[in-house]
């Protein structure tokens, strides 16, 4: 079904009765927000450090360390190196139920190093950069957890707060290994946020995704002397990618497929006997993705058959579509409404507009107002996250906060730029406040927890979550 | 220049002992040549008619008719429509051994209609043309047969002369159906010639070839409304051809592979559920071609698998490589040496040079001298003929005669042009003379026949010819 | 912007004031509906004839003739062969304003001949078939026009009714030539319907589309003897289509691009010097399509450059996106509500379910109830029509009526099957009634006409319609 | 089998008058050969070290060092790091004319690490290996130079001997930088040999070659969120390689084109804005290669145009075809005839046959007899060397010596295997002897030098050698 058609089930947020409108914020909630303000200088320090480290998936040693150290200093019990990943950690405080888990990411993206300025210029040529804003993600979540810890410590809230440091979101899906190791098993409700170009109590979800690699093996030969005795593994890759591109016409418009060629031969002189393509396939639902993966598997086999090579098809990772919790979104939205817009300065708006000019998108600056709540269940825009896997195991609340110029390209230098200066900082602090306030609601109001949990139960009845990751430990790089 | 050709710069001909150098031509031979001169006006009439008819494979109704009528008028017994092909015929005269068969072709090529002039201009846009000179081929062979018939009738030679009218050389390989029907079974020695850009007692042979079609079948769908429900058969074709092009790096330099897409969908609006590609594969030996065909078959299966379509792979026809008879070549060469060069006029040379200018090849005019005899056994240049299949069943002598500007593109307008005017005529008459003279030698000299036959026996010992054509009657078009 | 996002401009039909709910149908409306019932046997006869003729674009000689004859017999003034197309005609009755035009199509699609049965079987192998239901389209529109003519003749309505016989919708866009010739210039409001798998007062519109051909020209050569002297025009086509398939990743999900290879070479033996691909590009708005066409043009130039061939890029036709008239949709929907559902028989429902089983879609039978009115402006599903071009020149009302099993593939045999038996007939009669009733409203209620026209004026202010068709007469086939 | 090879079954060598048949070897020559025998243990030590180092182009630090050290220890004046390459060096001894230069290579090939055994097993997975036998090349040439040095030192020969250590043959063509720096300017005659599967006074030459890279640049975007805003640089690469593969049909059979994709994107998540393909093009003559490079350049431009990316085309290196010196070949062949066959042991022959079994080639063992001298000028087999560039500047003599199993794949593990054990050692020692003996002839016989030089003058008259390498220093890797 076309996504456009799918939408005709919409409901207007404004019309929905029973939206959790917190009339007057509780004392605890006001204190939580005040805690974030107190922590803001340290948050900025942490995010700027992580921004400068720019460590990619499973290499986030220093980034994880500064966060874990901060948690420890604040009195959390910290377990480092969980789920066989040196950069995964869990920081807990309190005891008993409810157990609220809040996730923090901190991995960077390769190849998009950028200065915090409005024109493209690498900080270090070829190096990694925080093109997805994860330098802000971890500190905001952690600060919110600290705010809750303070309230538990003060006896104002009961239960347990747990910060879950989740590495390698951009690559292998670190949360899957943490789920597999049971690190979310006793969590009642989980929260996460994400840097964005708008402020939103997310109800749109994210796409299901599978990451796989196809390796082709041929027969080496001197490419000039006797190429007829060789069979090029790269031929297999090229035919496979052609098949994928032909397939694009024959998939639903919601599908996304993309790949890179990670091994395309060593030297022209030798017919390559090994080549490898790495591919991601996504759609609105993991059931659809499963079918697409089978078609891609056939494409790989066909490409091998047609080029007299052999292929190996390996699923490396994958995420489900996000299970949106509308009850949770109502709570988040109410807190956003209470907090109001982010107060960006004129200079920050101008910085954003410069970036928009530079990248050729509409010159609209930064979105500072929370978006209206949209409670429609609808096809997600393109994009995936391993937070979505958590959402099928634990009821998960998710929000977005502006840290970048509207419509500026994501996973690209503009996001690195604003994430490394006051625009990103301001969004991070705001996110921490919404997270803290929302958690206060969950601790204080059992009926809100129950509504969140009931919706989750309803949607997952009879469902069995199945990991996309292969058996064995996570692929931690040796170096 | 092809490396194989490049090497033929050493001339063994002069050194070869025992080359059949006819010291003084026999009376019969002189009379045979005189007969060709007498027939020349009628030969030109026949070839010009066939040139104008320009009938393609298995549609050569009028072309076959004028030749068969001429044979009948000369006293031959003519059997028309043999081997289930309306345009195949056999014209015989005489009785007893030896039985010498001489082949004549007369089919044109689609899409290369051309006037007899030095610049490209179609006689009729989109129509067929004699781009391989077969309008000259049939009349020259037939005139040579008539010359022999006259000598048998006069009691100067003993045995049987048989003109074999062989249609559809350019497409299905008409001679294979005639071989299958036993029409060559009692022939002792067969002869053929071919229009060319030089004069040669051919010792280079021709390539083995297989023609096959791959049909892909997918699933139709509205290409805008629900292309995701469709599977494009054309995708299968495109991936298959890509595989063939990738394969080119991994075949020997002697291989030729070429294809056309004969069905590529009806209207863009509909995802095509049927598409078809027609492909020829060639190499120096049919054993190699067989292997290449298996690789192409795997490419078709792989392309279908990779595009979620199905494929059908059908071998349509094929030819062996030519079995060169060196003893025969010596006889032919001796007769060429006796006859000397073709006397092209200054205007004809200029006509050829104009064509060479127009097509951007070296300006060398027409080759009028017979090439030196080269008795090396070597890889053939690109090209195939169903005469080669005859050569594995009957000892076959083959020669080439200049009818086109040197190096001008074959199967193209320049060959149509010179074949429709005096250049082609002059070559045709010369070819008829060489053929007639060579046949006189074969009738008169039993030891020359034996040498030819002994070489054939030696080379085919233990060999079993296997037809490439499918079972069932030839694919005569319905219209 | 994603189409899903685009939609957040929605309006709830239920909330819209002033929906034209006709309390009690007027006498004229009731008589119009009775006229359709009276004409139904003749309508079925006409549609079955056109179904059997199955004439493709600009070859609809007999189909156009039976309709024009019927109009003439009913007292219309008929002008045949308008706009330089032998199969285009206009049938008029009455005088003065308003002038209501109603369009009728009657062209079939190549290659999908099918019997009126529940399994795939061609009536005539390889022949055309009415896979888009145009055999029903023309008769229903004409019958509605006749019903209005009767009321004008009876003095019950004032103005002019004009049936516009529009050929070649499936191919060149016949209506564009009729627009260019001014045949719609004096029409106040136009109507059209379309066979469908549901009943709908259409508010979704249709896609903008451009049809273009790319011809590649190379250099012929003997594919075995000297392919290195050739340049394959087919190489150009293959590289172009590869580029289009690569481009699919980099276009919005609303885009549709599809092509067929109409000329892919003659015989493998010759390097093709000519090849041609025919391509359609569509999107929600013609401004986007224009940009895509420029990218495709660059792809053609690049493919030619990369293959040492030349390319010619020719825009052959094109349509705008449909300008939806919501005021008109309200009138149509009110009439559908009054008429109620189509009463399909149990056998017809079973017939439809058989087809759904056969084609592997959900087994839901026929949709007999009108769909709820949806007044959202939104991205159209895939599909285009030259009715949309009319909609930018004249306010146009458009509806769909069930004539095929729900979700069965369009432009395919299931639509041919149901269009040739009582399911199609029943839909056709229903469509004629809705059209007739709606036209009665337009004649009787000036304020409804004004509302329709005002919406049109509002949306086209400052707009200049620009034809996608090339200069010169329509490409009427010679045979 | 290549047709060119096939033809070399006629032996003109025996017929050639004036072949320099050294009736009785001079004392100097006998001493030179004895010197090689004396040095053999050290040669084996050097070659085994270099084999184990397996250092690739411009990283041959230790390999160059052990050779330079040996030369220095033998009394040569050694200049290291010449021509801006740390691993290039020149070792000279003697004074005055003639100056004979002898070249030595020592770079390995990436990715083909292999143990000295008959089945494929890497010494170190993924590491480099001596798949072209250059571990033998350097030591043999150097030992020959030492033998000459001893004779000069002993006053038996007059002139200068110069060992030229030439790095990076497999990659950038190190000799071109040395030519550019004038390091061959005063050399009268140069010599080189190459490990092979047969013993040959080479008269076949090598192919001209150009190495170029094409970099594509597109526009990054989130591959799921807004791929329509991205333009994939990898699309450019894929379309370019498709064009190259299409082009294969339209080049002469002597052409070789091969490529690897060195950069094919970082992560699937991001539309790659950079990708790079590295390509080599070869043919029998550099004039043809120049034309092919222009076609490839157009293919790159076309691919960029068609994919909305930009391309940069950079010629990185290139070699001319070898200018074969037939007079020199006669001298070499005479010395081979005098030395006779290599005495391989039964175990060595069995080792070679095992490799032949393992790689599926004909089981013929090692070729131990020198091949007959073939003085035909002919198209080279596939393969290139920067020795060929030297051959256009200085008269160059070149020979091949068996160091590998016949027909075993080159640039592959079998060559690494035999090069690391006694088979390779034996070939190396033999090569050194032929080189030494040939140089003795050149020093002792001015008329032989003159014949060599006269042939060179004749062939290069009016010729101006033009470097394929770009301006600027050689691309020495930073690490």
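Letters are used for the chains, namely A, B, C and D, taken in the order the chains are written, and counting of residues starts over at 1 for each.
The rule we apply is simple: a contact is a pair of C-beta atoms (placed from the backbone, for glycine too) under 8 Å apart; a residue touches a chain by one contact, two chains touch by 3 or more.
Keep in mind that this is a model prediction, so the values were computed, not measured.
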Of all other chains, the one whose Cα centre sits farthest from chain C: D
Distance from chain C to chain B - Cα centre to Cα centre, in angstrom: 52
Cα-centroid distance, chain A relative to chain C, in whole angstrom: 44
Euclidean distance of C-alpha centroids - chain C vs chain D, Å: 67
Per-residue overlap in chain B, given as positions that touch at least 2 other chains: 223, 227, 238, 242, 246, 249, 252, 258, 271
Pairwise touch network: line, ring, star, complete, or other: complete
Of all residues in chain B, those that touch chain C in their complex: 109-112, 131, 170-171, 207, 209, 211, 220-227, 229, 234, 238, 241-242, 256, 258-262, 264-272, 277-280, 282, 381-384, 409-412
Complex interface listing, chain B residues touching chain A: 223, 227-228, 230-232, 235, 238-240, 242-243, 246-247, 249-252, 271, 295, 298-308
Contact footprint of chain A on chain C as seen in their complex: 2-5, 7-8, 10, 242, 245-246, 248-249, 253-254, 257-258, 374, 376, 378-379, 381
